[in-house]
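As written, the chains take the letters A, B, C and D, and residue 1 is the first residue of each chain.
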Amino acid sequence: MNLEVNIGGLKLKNPVMTASGTFGYGEEYAEFVDLNRLGAVVVKGLSLKPKEGNPPPRLVETASGMLNAIGLQNIGIERFIGEKLPFLRRFDTAVIVNFFGDSVDEYAEAAERLSATEGIHGLEMNISCPNKQAGWCIFGTDPKVTMRVVGAVRKKTALPLIVKLSPNVTDISLMARVAMEAGADAVSLINTITGMAIDIKTRRPRLANITGGLSGPAVKPIAVRMVYEVYRSLKIPIIGMGGIMNAGDAIEFLIAGASAVAVGTANFVNPRATTEIIDGIIDYMEKEGIGDIGSITGTVHAG
Amino acid sequence: MEEPHPGQFYMLEVSKGMDPLLKRAFSLFRRTPEGIRLLFRIKGKGTSILRDLREGTEITVLGPLGNGYPLPSDKESPLVIAGGIGIASVFSLAEKISKKAFVFYGARTERELFVAGELEKIYKELVVCTDDGSCGVKGTVVDAVNDFVRNRDGIHQPVIYACGPNVMLREIAKTAAANGISAYVSLEEHMACGIGACLGCVVKTKTGYKRVCKEGPIFAAAEIVWQP
Amino acid sequence: MNLEVNIGGLKLKNPVMTASGTFGYGEEYAEFVDLNRLGAVVVKGLSLKPKEGNPPPRLVETASGMLNAIGLQNIGIERFIGEKLPFLRRFDTAVIVNFFGDSVDEYAEAAERLSATEGIHGLEMNISCPNKQAGWCIFGTDPKVTMRVVGAVRKKTALPLIVKLSPNVTDISLMARVAMEAGADAVSLINTITGMAIDIKTRRPRLANITGGLSGPAVKPIAVRMVYEVYRSLKIPIIGMGGIMNAGDAIEFLIAGASAVAVGTANFVNPRATTEIIDGIIDYMEKEGIGDIGSITGTVHAG
Amino acid sequence: MEEPHPGQFYMLEVSKGMDPLLKRAFSLFRRTPEGIRLLFRIKGKGTSILRDLREGTEITVLGPLGNGYPLPSDKESPLVIAGGIGIASVFSLAEKISKKAFVFYGARTERELFVAGELEKIYKELVVCTDDGSCGVKGTVVDAVNDFVRNRDGIHQPVIYACGPNVMLREIAKTAAANGISAYVSLEEHMACGIGACLGCVVKTKTGYKRVCKEGPIFAAAEIVWQP
């Protein structure tokens, strides 16, 4: 049985990765999960300089989901390399660094710095910033800007480059196409969907940041649809995510068109979610007589 | 099972479905030979579901989590202060430092004083207060603590341990600062992971945001940037 | 206590209406709900000619939500006027007719026909067709087409004209602005969000139509955010909807910026949802000392 | 409570939370002096929650809904046919037309024959079949019905009432059509409202889509456009 997948040049021992921001820097979950078993660890989004993030409250639960407005708090690339990466390098698991910047130059510089570092197997650039108060971030919603920022990063890195798309757009396939044309090796979708909740007693937003990003099972049907749309229209590997709670959900994304999946909010509900999902995928392959997990990608019988 | 420290907490799964989705945080109330006891107040969906569970139902529990209260030294006189359901967090501390604690326990009214009976054997002195005077001293626990601190004998150095509503903790922090007393408070924030990964549960401290689930839930009161 | 609201010239006795497609033509719910109590009944979307709709399965439940691909099945405007409207006219409740067309001309002709009919108090034009297989419907996602179709309808009707926006867009405020400039008296948001679910055993989409529209509590945070965004940027009355299950949810939409709300999926879960929500709003007003329900619109304390 | 007809159904709330969200449909199984009885098979989330409910738990129920079986005339010989859990729908019909019914009841295996005991007093003839022969005749209920129809005496005009998996109903419909027998089948579709408002539960008929919850769940088999 072959669980290996190749995502635009990035070889993973299995298609299950962690979703950025939901698995810390890996060490937080080492007590619950054998990190060696994961396809990849994708770390919390990093920027050149450390970021303080948003004031609390940063979280609110919603029906079958949650809103977060962490505000991209992170320790910065240098501290990550010095303090967190050595731990991750002890494991035989791909390390994918999720990163972002406030300008095209910052994106490019971050990519350059990360690419000069040993022990990083791939980069995932986050071009959607749902926690920005100012409505949304143009990196992930304006195709022209997307083209520029991805192009700039592409010039600075030879690592497999994954572009993580924002779902807050009219046409996700267009955004994926732009990312591909600008040099992305793969796309991740979806990031969180911008949402809001209000306390009717105080009439205040439940998040200090007013809006936040919706994740969890609530968004799964939207995420599956987006994966399906992009798969139908483009030949670029897709990492699917959004509400994956169990192996069945993960397989649904693969069948819709994903070559790998990432597990996010589920880690909070069940810290062992990732490895239980891997086990579940193996079970499914056995029961259905599937020899190679890659063979089910995009096999939905539709139209 | 890992041995819990007073002040640590657990995350409890409240439903097998997807709504409610996240686990709920509850402090260690008491460690017993059989296991652990939690004490909770019915607040919303999650706690209502927990109340309705059949005895014997199995649910997933994560913990013990967080840091716990630092224990007082022999020279220190521990003031253990609870507002309302805050008693859940400090009870096991008072139990552990058995008979040394000056316990202050306040609630709005008698009905909201939980487990007053169980407190019996574990305090050195107990002051119970209610806002409406329906039980114990009439007034807030903050007033009672202020009185005590003002009239203290000066032999022992008091150290404060407090859990309760945020406004109460803020006032206690002021009292402590004004009187040069160390104080430790147990804070609450909405949580997702409970293990330091999501950065969702932060509180503002003088050295930046800290995670309540990891660096806390117990913080030195002097470290916190209290919101007005 | 004043529950009355005025939505762009449409006077309603209270701000609670039914969401199109979830309340049939009114009569289906008459056994459970005193229709006289409702702010308005919004009927299932109508077109000039009857429509058969999509093959089954048309429904699938998702986490805290559901996908539907009814395919706009309806009996056509003429049969509605002959067979359904007389029943609705017996009640002292505003009747709002939701309608759509396959072309700009069809939209305009439908509006004209409906406007010539006694007993209709307002029109809600549906420019989002999430059930269309071909990806999406340009009426609700391409601002230029939106401008044309709303403009064409505006010329044909003197009734209060509500434009129901699609949430499947990058910038909902832009779409609302276009609708307003083309002559809309109010906007409804949100319609369902396009989603998909796959049966991993058969690898078939769970809906015969492949994709469908997501509704229910799962989408509420997204809907509230969109209402808030449009309210902040435009002066046009908003009818808020998307996952309203109880009075608290309805009030959340009002505080976010809606002048009225519509109750959709909740009718399926509890056929008395609409009137229970009205009762709950009255309770809230009493407890909070609110004299006029209109006074809470847009009062979220944000930024 | 409205008096139910055999073949009608109820929509049951399965959770107070938002997941599962929709009500679940269950046929009237038996009308008793105390109320109604339902019979269900554990399928997924909703039915698992129902199974775990404490006795005495109150849940909201909508119904009776749908049309119900048309009763046979005095000249007709009712053939009541159930596949698996389909027995839930036809049982009360057999009960109502007491002792007139030729009952055919099939399942994959003995373990999946529900309430066979309760059937006792209500049939004229009973044929039980299992695919694996573990109980009754070995074979499908369709085979048994075909046999019966082939060998019928010609005095009475049979009329068929059937509930079970879709493939079974389709085959029964063929038999009925081939032999000029009227047949009524109880259909299932995913439902949201259960009262005809959402147009979600349609089935294709010779005169267009019909709502299972409103024009059904009982349809004349000849009306249905069966899917291959």
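By definition in this document, contacts are C-beta pairs under 8 Å (C-beta built on N, C-alpha and C of every residue); 3 or more make two chains touch, one makes a residue touch a chain.
All values reported here derive from a predicted model rather than from experimental measurement.
Any chain bridging subunit C and subunit D, meaning touching each of them, is among A, B; the list is complete. Chain centres here are Cα averages; for subunit B and subunit C they lie 47 Å apart. Each chain gets a centre from the mean of its Cα atoms; for subunit B and subunit D, those two points are 57 Å apart.
Inter-chain centre distance (subunit A to subunit B, centres taken as mean C-alpha positions): 37 Å.
Subunit A and subunit C have CA centres that are 33 Å apart. Within subunit B, the positions touching two or more other chains are listed as 18-20. Across the assembly, subunit A contributes 63-65, 216-218 as residues in contact with two or more other chains. Taken as a graph of touching chains, this assembly is fully connected, with contact between every pair of chains.
Residues of subunit D touching subunit B in their complex: 15, 17-20, 45, 49, 54. Considering their complex, residues 63-64, 217 of subunit A touch subunit D. Contact residues of subunit D toward subunit C in the complex are 13, 18-23, 60, 62, 189-204, 208-209.
On subunit C, the positions that touch subunit A within their shared complex are 62-65, 67, 133, 135-136, 141, 168-171, 193-198, 200, 202-205, 210-211, 214, 216-222, 224-225, 228-229, 243, 248, 251-252, 255-256, 284, 296, 299-303. Those residues of subunit A that touch subunit B in the shared complex are 21-24, 28-29, 31, 44, 52-53, 55-61, 63-66, 68, 70, 73, 216-218, 245, 265, 267-271.
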